[in-house]
Each structure stands twice: as structure tokens, then as C-alpha cells.
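Chain naming follows the written order as A, B, C and D, and within any one chain the residues start at number 1.
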Amino acid sequence: MRIAERAVYAMSITPFDAHGELDEALLRAHLRFLSAGGVGVFVCSQGSGEGDLLTGAEKLRIYEVAVEELHGAAPVCAAGIGLAGATAGIEALARGAAERGVDAVYILPPRPNPVPPRPQEVERYYRRLIEAVDCPVILANNAFLAGYTLPLPTVITLVEAYPHLEAVLLVDANPSLLAQYVRAVGERTLVLTGVVSGILQAHAVGAAGVLCMEANVVPDLVPAIWSALEAGDLTAAERRYRRLMELSTVIARYGNPRSLKEALRAIGRDGGHLREPYLPLPGEEFADLERSLREAGFGGGPDDRGRSA
Amino acid sequence: MRIAERAVYAMSITPFDAHGELDEALLRAHLRFLSAGGVGVFVCSQGSGEGDLLTGAEKLRIYEVAVEELHGAAPVCAAGIGLAGATAGIEALARGAAERGVDAVYILPPRPNPVPPRPQEVERYYRRLIEAVDCPVILANNAFLAGYTLPLPTVITLVEAYPHLEAVLLVDANPSLLAQYVRAVGERTLVLTGVVSGILQAHAVGAAGVLCMEANVVPDLVPAIWSALEAGDLTAAERRYRRLMELSTVIARYGNPRSLKEALRAIGRDGGHLREPYLPLPGEEFADLERSLREAGFGGGPDDRGRSA
Amino acid sequence: MRIAERAVYAMSITPFDAHGELDEALLRAHLRFLSAGGVGVFVCSQGSGEGDLLTGAEKLRIYEVAVEELHGAAPVCAAGIGLAGATAGIEALARGAAERGVDAVYILPPRPNPVPPRPQEVERYYRRLIEAVDCPVILANNAFLAGYTLPLPTVITLVEAYPHLEAVLLVDANPSLLAQYVRAVGERTLVLTGVVSGILQAHAVGAAGVLCMEANVVPDLVPAIWSALEAGDLTAAERRYRRLMELSTVIARYGNPRSLKEALRAIGRDGGHLREPYLPLPGEEFADLERSLREAGFGGGPDDRGRSA
Amino acid sequence: MRIAERAVYAMSITPFDAHGELDEALLRAHLRFLSAGGVGVFVCSQGSGEGDLLTGAEKLRIYEVAVEELHGAAPVCAAGIGLAGATAGIEALARGAAERGVDAVYILPPRPNPVPPRPQEVERYYRRLIEAVDCPVILANNAFLAGYTLPLPTVITLVEAYPHLEAVLLVDANPSLLAQYVRAVGERTLVLTGVVSGILQAHAVGAAGVLCMEANVVPDLVPAIWSALEAGDLTAAERRYRRLMELSTVIARYGNPRSLKEALRAIGRDGGHLREPYLPLPGEEFADLERSLREAGFGGGPDDRGRSA
């Protein structure tokens, strides 16, 4: 399934059981929940997906499960590839993901060290990884995770060199930079934003879509905003956007991925356990989270659970 | 004139002559240019208005000129009050502004030092300054200038204590914080944003308006975005927003206030000279600025100069 | 008096009376206290000297008082010149300082805006100010205050162009940069550090001295460290250095300049009042400061008040 | 061998062959080179040791090799444990290191995410890891790598709870914080600094030693500084310290670990290849590095190679 078939993507959580082992049944149920809401999925992402806490073998199994579960229903993007580690190991993981049939591999910049790598090292790294796979590639320019931003000329060079580099995801609060990306590479590749709070301006400047974590709790809310924008229905888009800001405020309070799993529990769903070093919220904090979600009208009961607007 | 009568405000430049002296004639002409575009004005602002380079006497004269020139045509807000200096001197300046008949005084947080002041010092400072004037007050929460952010509880306390605190301006890239401000104090006071690139989300979450520097070059562009949003015309709002992003990208290239005055020159208007330490752009940089504005369709000739959409 | 005649300089506090007016008698007494401890003085410095809260006229009066009081006893350096404001106004202040007979003017980089000025603007600014005076000049490379660091090539250019640029003060935690400064300009000018905690390494790499705020409370402690280093007496230098770290820890707790004036009060001296927006410490915080100083052996009584080692 | 038997530790490089595989022969030779210079070693450290690019199996093999090679000659500390990954996996690595007979395990704080973990998560993490091993533990408070600093009360709690927590390593530029650590836990545990440029002040405030990367190129230089300090020979300590600053300046130019391996090549030693994403320096940069080292007198020929003073 082409990644262009969805405008909104969720960084899926990774459910664990009480012993910290991957809970495949919960994962499958959660992926179906996401897909039914109209979003594509990124699995094993660093933050929401606890990707940093997964071994390579676990990631490959998760890619496999996601492809089995969602094939044809929603695009599956393999996240958790890049950032830390030797390029050779990252390359093997990317190949493994492609072999398992994911719809795209999402490649983070190299960050072996708090000191940013040199520009030629970044370019060499991306060339090796993009050349290692035949499936579509999504390039991440994520300064929040990497600690530095990719220069636009490097992004242009890579986009022009590799037709299967089908999307570029930019995580940057400045919408004029997103507009520059659309102008520079928007005719050859999809330009996505990883800043969901900027969805209105992303649509305005011509971005192709958005990646977010909020969809884990209310999968259809962000797609509903995007649909309203596509339909030119500003009133509906703004009303749903205000809902999104309420949800984001609550989720941000205790940090990602804690809040996501706890919020699912609060609204009566099961996202599984966290893996250490993450710990569940103490009782009074969970109560605050539950109350905040209820007061904001999220998950008040079976009828409106997950309803977006 | 009530500040609520305009949704968009410009941080006006301050024109100087070749000797670095205030050029009142150019200032008057520029203020009329802004007012004709449908914006209210902030004069003596730190960045665009070179407020940091003005003496107290010069600021008072500028407030006076602005009131004379615009009285009844556009609200005049006295900026350049606060941040550096002893509270007693800031208080005298605020009183002087009020005496000259401005429609509001805009008060920046205290920043006598790169180390943020203590919370009780911030509250005491704002109480003294707000109590010093009878005219409407706009409180600034500007972490970009102050180096720290005001706690929301302090803002709530001040808003509840002083009815003439008629607006709070928030400079923060996070729209969920802006939404929290609207929820917390939006019924008692106007909530404005100082991040014009976030104008779409500001309107969505219920902010009352926006303060920007771009209006110095194209005064009617941002008001046209706001009008389209008010009218529910998403297509027009987005088209104009893309124009704004083009303008912002060009202006950001050489920094504020250099770019503003040079951009006015490039489109055939006269914003006067900069005051040192600022220097005019070297020839090839000015040529780049001029070419970029022309290619983006700003100020190509007398017919479309300043036309926004 | 040549600035080279002292290795240690104090950023003197500025005593105010209960109404926030300059207290000249206390200022004179404090300057004598400093001078007797063996340090030179910087008056009107931004932080410790509350320089940001002083008008230009007040600064000129303070330079005058300091010259009257200390002439020949300790070098007097005019601080509080630069950073904010128009270059023309800064130039007038520098000239005024020189006319009042200070032993050097200390010039901070331009910071009209949180966005750093352009390199040609910085160089032009310094050339204008250095050329404006005949007396010795101390150039400040203070990224803590300015928000950016001067490029070493610019410093070299200025040192080579102006023989009366007699010292360069570097505020940077990296001692290898200080060593580079000593190698690059140390034969033509004095290289001073503004990081007193790095005094041991500053002496090791060949710096000429140090500027500090701690001398306001115990004037002879830092000179005693420097003397021990000059004498090759490591044991004494280290013992005194540990005292300095204890003093710095206590002073840092409530921030500069609050802690300095409150610490003087705690040890039985009178540094005068703070000027708003600074407020005196609440009772329990003052009690904590007093107890900490007493436990560390500072100012326990008349016999050891101010004794350093 | 007790870790207290060395005051200076090197973060050893990890030599690779041309295919990016571990080169055990070069590793052994390098460890002997270090040991002969008088330093203890940390192997698999994140930066200098390219620890982030090593698999768990490779790390265990390196610990094994280091113990075989150095047992009794120099203390071997297992680094590269912590920071990224699930706590369970980190625990297994720490146990594996202990089983291979290292003299201590060095445990980095958790950093599964750019957002710092919660205090109870940090404490739980450290308790699990410290309890997992019987061998001595070195706790790292490294804000440079972790992005946050451990609160001193947490460090005190852990030191008091676990007698085999034999050292705390602080990476912080502020020497007064190091002095606070010495006062707070120095009687129960060794306090080490990871900021070699602060070695003079670390000795002065009573720290037990220093961890550095410079020893990879000139192993006996930092021990020679420490010995001079222990002997009270300030002149020798300062002369050697200036040498260290020269070395640090050159090494810092192209970043760690590139510079270390290239510097070894420049002085005629073999540190092996880098592993990607790191790339060797281009020719002209290597030439600059070689010339800088030669001009500074490092490795000019067989006679003075590695001589420190």
C-alpha cells in the first residue's frame, strides 16, 4: 500500500506484558484500532513506540506482525531505524524490515554522540541506508532526536538521487522552513511534518500529511482535522483542532510514552505495560490524568470513546 | 480607540535620518502606511522599532507623534517599556506614555541580568507598573526577549487583580500553551500571539489577534489572513498564508530590523536609516533581498506594491 | 595607575539608600574595603554593580567618586559601558568615563537584540568606541552577557590596531580557549579571565589575572590565591581555593547581586540596599545565608572578618 | 586491582580493522600502551571508545580481552553500560561484565528519550543495576551524554545504600559542584571528574582523580600532572598542564573519536580504523592535524613520542 494513501500517521505504542515481554495480541488489537481510525502506522518509533528499548530481533518481529495484521488496510512504516549504533547494524535492520514487507522504512539521522557528525558522514550514512533497500524510504529530519538539523541541500541531493526516497519528514516548529521544503522537494517527494500542533499551517503550505502520537488515544481525531481542511471546512477544522490541543495538553503532562499507555487505560482500553526504565504513574497522577481526559470529554463512556468531533 | 478594534498589530520600525536622528516626517508617513493597511501599531518595540537604541526622551516623543498622527485611525501601543533598567525609571516611562494619550502601554518582563529574577520580584515589578497607569495595559510574556517565561498562575493573578490589564501577549511556539491561556484568562482579557507564523492555530484556539513585524513591508497581508479566517474562507486564508511565509523567509534572512528597512527600500518605499550598531546591508546582500522580494511578487512595481493577495 | 598593577579585580557592588538612590558614603567605604584587600575595582558592572539599573548620569558620578576615592591606591575601571543602547550613546558614556580619569574603560559587546549582530557590525562598534577614548581600554568577550562570543580573529585585529587596548577579558569556561588567547594576543595585551573558579588553570596557562564578584565579601581571598600561585606555594593556593569554592557556593545560592549585599549584611558590613526589581531576601533565606557563611567560617566575628586563609 | 590504585583513567579507543571488525591485536597493544603510561582504562566508552557502535557481544569480548591483557597491571572499568536501551538488557550487560572479571562497572544514567526520565525512574534504574553486580560500581553523573544531571540527594542515597558503589564520576564544568560532591560523599566513595581541563581545581577540592581521552595519544601526560600536584610541585604541574591544553586544542578540532585515531596515526602509532558512520579525515585535514601535533612537539619522532613534560 502506498504511503501516500494516508495523510495522517500514528507512532504506535508497543504493548508489553507484565514481565516486559512484547504482547503480540495487544499489539495486533492496537494496530487494528489505529487503522480503523483512518491512520497509517509507524511501529517501533523511538519515543511512543519505546523503540530505544527494543532489540533488533524484537523490532523485526514487530514489523512482521504489523505487516500481517494491516497489510492492505493501512500503510506500515518501519521506524526505530538509525540514530544510535553502527551503520552496518542499522543497514541490516533496514534490510530486514524491507524483507518483511513493510510499506516504507523510516530512517533517522546518525547520532553516535552528542557532538553532531560531519556533513560528509551524514550524507554517506544516508546513501548507504537508502541504497540498501528497494522499498520506499522516508527520510527523517528530526532535530529533537538527533540534536542537529539536516541541511536542506543534503536533503535535495538525496531526493534527486533516489526516486524511492518517497517522503521527507520534518520535525521543526518553524512553518516557513516547512514551506521551503515543499518548494524545494515537494514535486518529487511527499513532505510530512512531525509537529501535529502545526497541522493547520502544514496544510496551508502544501505539506502532504502529519505524523503524531495523539492518534494512539483518539485515532480518528487528526484525520478528521485533515479531512475538514481538504474540504475547506474551516469551522470543523478549528473545532477539532481545539479538541486536539486539549488532548495534547493532557498527554504532554506526564511525558511520552507513559501518558499514552496510561491514557488508554484511563479511557478503558488496554495498551499494555511500559518497559523499564519507564514506570507507571503513581496513583494520584493517574487519577489526575483520568479526570483531565474525562473533563475534556475523551473516553467518557462507550458511546463517545474515540469519537473525534 | 480600544485595542480590541484591531486584530493585527505591527511592531513599527523607527525611521532615522543619515545622522542617526529620529526622522519624524518619515515616521508619520510610515504610521499612516501601516494604519491604511488595517493594523494597529506598537511603537518603540525592542527589535523592529530599535527600541533598545532609543533614549527615554526619544520614546516619549515617538509616543506623542504616533498619537497625533493616528488618533482615532488606529490604536497606538507604547512599546519599549521594561526589560532593562530600574523599575523606577520604567515606571516613569510608562506614566509618560499614558500622559501622551497612547491607547495602551505594553510592558515587557524585567531582565536586569541573564539570570532570571525571582517570582516575587516579577510580580512586584508588574504590580508597580500596572498600578502606575490608568490607561489599558498589555502584559508581555516574551521568553525570546526576557530569557524566561512568566508562570501562568502569575498571569492569572495579575489579570484578576487589574481590570485595565486588557491584553496578554504570548510569544511561544507551542499552540497548546496559547490554548491554555485562552481558557485561563480569555474571558477577562484579550489573548494575543506574537508568533505570526502560528496565526492559523491562534485563530483556531480563540486568540484575539497577532503582533507581527511583516506588516511594515506589506501592511494589509496579515489583516487579510485574519479576515479570511473570520469569514471561514479557508482557501483565501491559506493562499495568503503562503504569501506570508514567503515574505517571512526573505525578511528573516538578514535579521530584524535591517531587513525591514532594506526591504522597504527594495520595494520603493522609505523607512529611513538604521541606527548603529546596525549597519545597512552590503550591496550584494541588498541585491539578493531585492531580487527575492521581486521574485516572490512583493513590490514589483507601483500597481501591486503592498497588495497582499 | 596601570591596570597591570593588580592581578585581581572586583566587580564592586553599588550601594543604594532606602529610597533607591546612590549612597555615596557607603560606596566610598566599600571601595576602600576592596582596595585594602588588594584588588582593583570595576564599578557599574552589569550584575554585581547593578549597572543595568543605573542611568548614564549615575554611572558618570560613580566613576568620578571611585577615581576620587581610590586614585593611586587601586586601579579604577569603568564598567557598564556597552551591551544595550545606541553606539552613539555608549560612545558618549565612554568619553565621559575617560574624562573623569578612570584607569581604563571596560567595553562590553553590542547586544541590541537577542539575535547576535553581524561580524562587521561588531568590529565597527568596537573601532568607534576604542577610537573615542585615549585612556586604556579593556575589551570584554562575555558570551554570558552578550549571548554570543567574539571571534578570536576579530580580537586579534583590534589588539593589533590599537595599542591602548591594554587588556582582553574572556568569560568562558573552557581553559583551552583562554590558553589560545594567551598565545594569540598575550604578548601585546593582558589576558584576563572572568571565571574565578578557573583561577588555577588561568594562572597555569599564563593569564594575567582575574575579575570576580566574591571579593566584595572577602576582598583579600582571591589575591591570596594568586600570590600563592605566583610564589609556587601549591598547598596554600589549594587551601585558599577551597575557601573560595565554599564562598562561591553560598553566594551563588540566591543570585547576584542579592547575595552580595545580603552576605555583607550577614557578616556585619553595610553594602546598602538593592534597587528594584531586585528585592531583599525573605527572612528565612537570609537566615540560611547567614548560617551558611558562619558555618563556613566567613565573618564569624570581628577577629576573622574578611580574613582569607 | 582496586580502582583507587590509579588517579588517572583513559577512555580507551576501540581499534577496528578495515572491514569495521574489532581488531583484538591492536586493542591489546593499545591497552598496554595506556597501562605503561600509568593510567587505568575504561573500555567501550560512548565517545572515545565508539561504545555506541558496539553490540553487546562485542562489548563483552572487549571486557574479556582487557581483563586478560591488563589484569593486575591497571584497573579495567567496563564502560558503555546504560544510557540507551531497556533496563533488563543493560542489567544483563553489567552482569556479563562482572563475570568477565572487570575491576569495576561504570553505569551511565538512563536516556531512553530526549525528555529526561522521572526521578523515581532514575533511582529505580540505578538500584536495579547496582544490585545486579557484586563488583565495584562507578556511577556516572554525565549531563553531556544524558541531557540532564542527577540530583545530589539521589547520589547520596545510592552511595549510602551500596558500599560497593566505590566511585562517582561527575562531568560538570562547575568546580564548586565538584567540591560539594567531595563534601557530601567523599568520605564514603571516590569522587572523580570527567573534565580533564579542570584537573587543577579537581585536585584542589579533593577529588580522587580524573577520566580523560587525551591519554590515548600521550598516556603519561595527565598522570605526570597529577603526580606533580601530589608532590606540591606547582611549576611542573603548570608546565605539563599547558602541554595538555595544547594537546586538547588539537584533538578537539576534528572531534572525538576521529581525532584520537588520526592523532595516533599522525604520531606513528596504530589505533586502527573508525567504524561508520565515522569517516577518516580528508587528506588536508589530516595534514593539519599532523602539523599541529608536530609543531606542539607531540610525536615528532621516536625519541619523544609520548613523552609528557
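Everything below uses one rule, namely that a contact is a pair of C-beta atoms (placed from the backbone, for glycine too) under 8 Å apart; a residue touches a chain by one contact, two chains touch by 3 or more.
In this text the structure is predicted, and so the values were computed from the model without any measurement.
Undergrad: List every chain that touches both chain A and chain C.
TA: Chains that touch both chain A and chain C, as defined above, are B, D.
Undergrad: Work out which chains are contact partners of both chain A and chain B.
TA: Chains in contact with chain A as well as chain B: not a single one.
Undergrad: Of the pairs C-D and A-D, which shows more C-beta pairs in contact?
TA: The comparison resolves to A-D.
Undergrad: Looking only at residue numbers at the chain B/chain C interface, is the share used by both copies over half or under half? Answer same or different.
TA: same
Undergrad: Distance from the CA centroid of chain B to that of chain D, rounded to the nearest Å?
TA: One centre to the other, that is 51 Å.
Undergrad: What whole-Å value do you get for the distance between chain A and chain D if each is reduced to the mean of its CA atoms?
TA: Taking the average C-alpha coordinate of chain A and of chain D, the gap between them is 36 Å.
Undergrad: At least two other chains touched by the same residue of chain C: list those residues.
TA: none
Undergrad: Can the chain contact pattern be summarised as a line, a ring, a star, a complete graph, or none of these (other)?
TA: ring
Undergrad: Where on chain A is chain D touching in the complex?
TA: Spelled out, the residues of chain A in touch with chain D are 20, 46-47, 50, 52-55, 84-89, 110, 112-115, 117-118, 120-122, 124-125, 128, 144-145, 147, 255-256, 275-279, 282.
Undergrad: Give the list of chain D residues in touch with chain C in this complex.
TA: 173-176, 179-180, 197-198, 200-201, 203-206, 229, 232-235, 237-238, 241-242, 245-246, 248-249, 252
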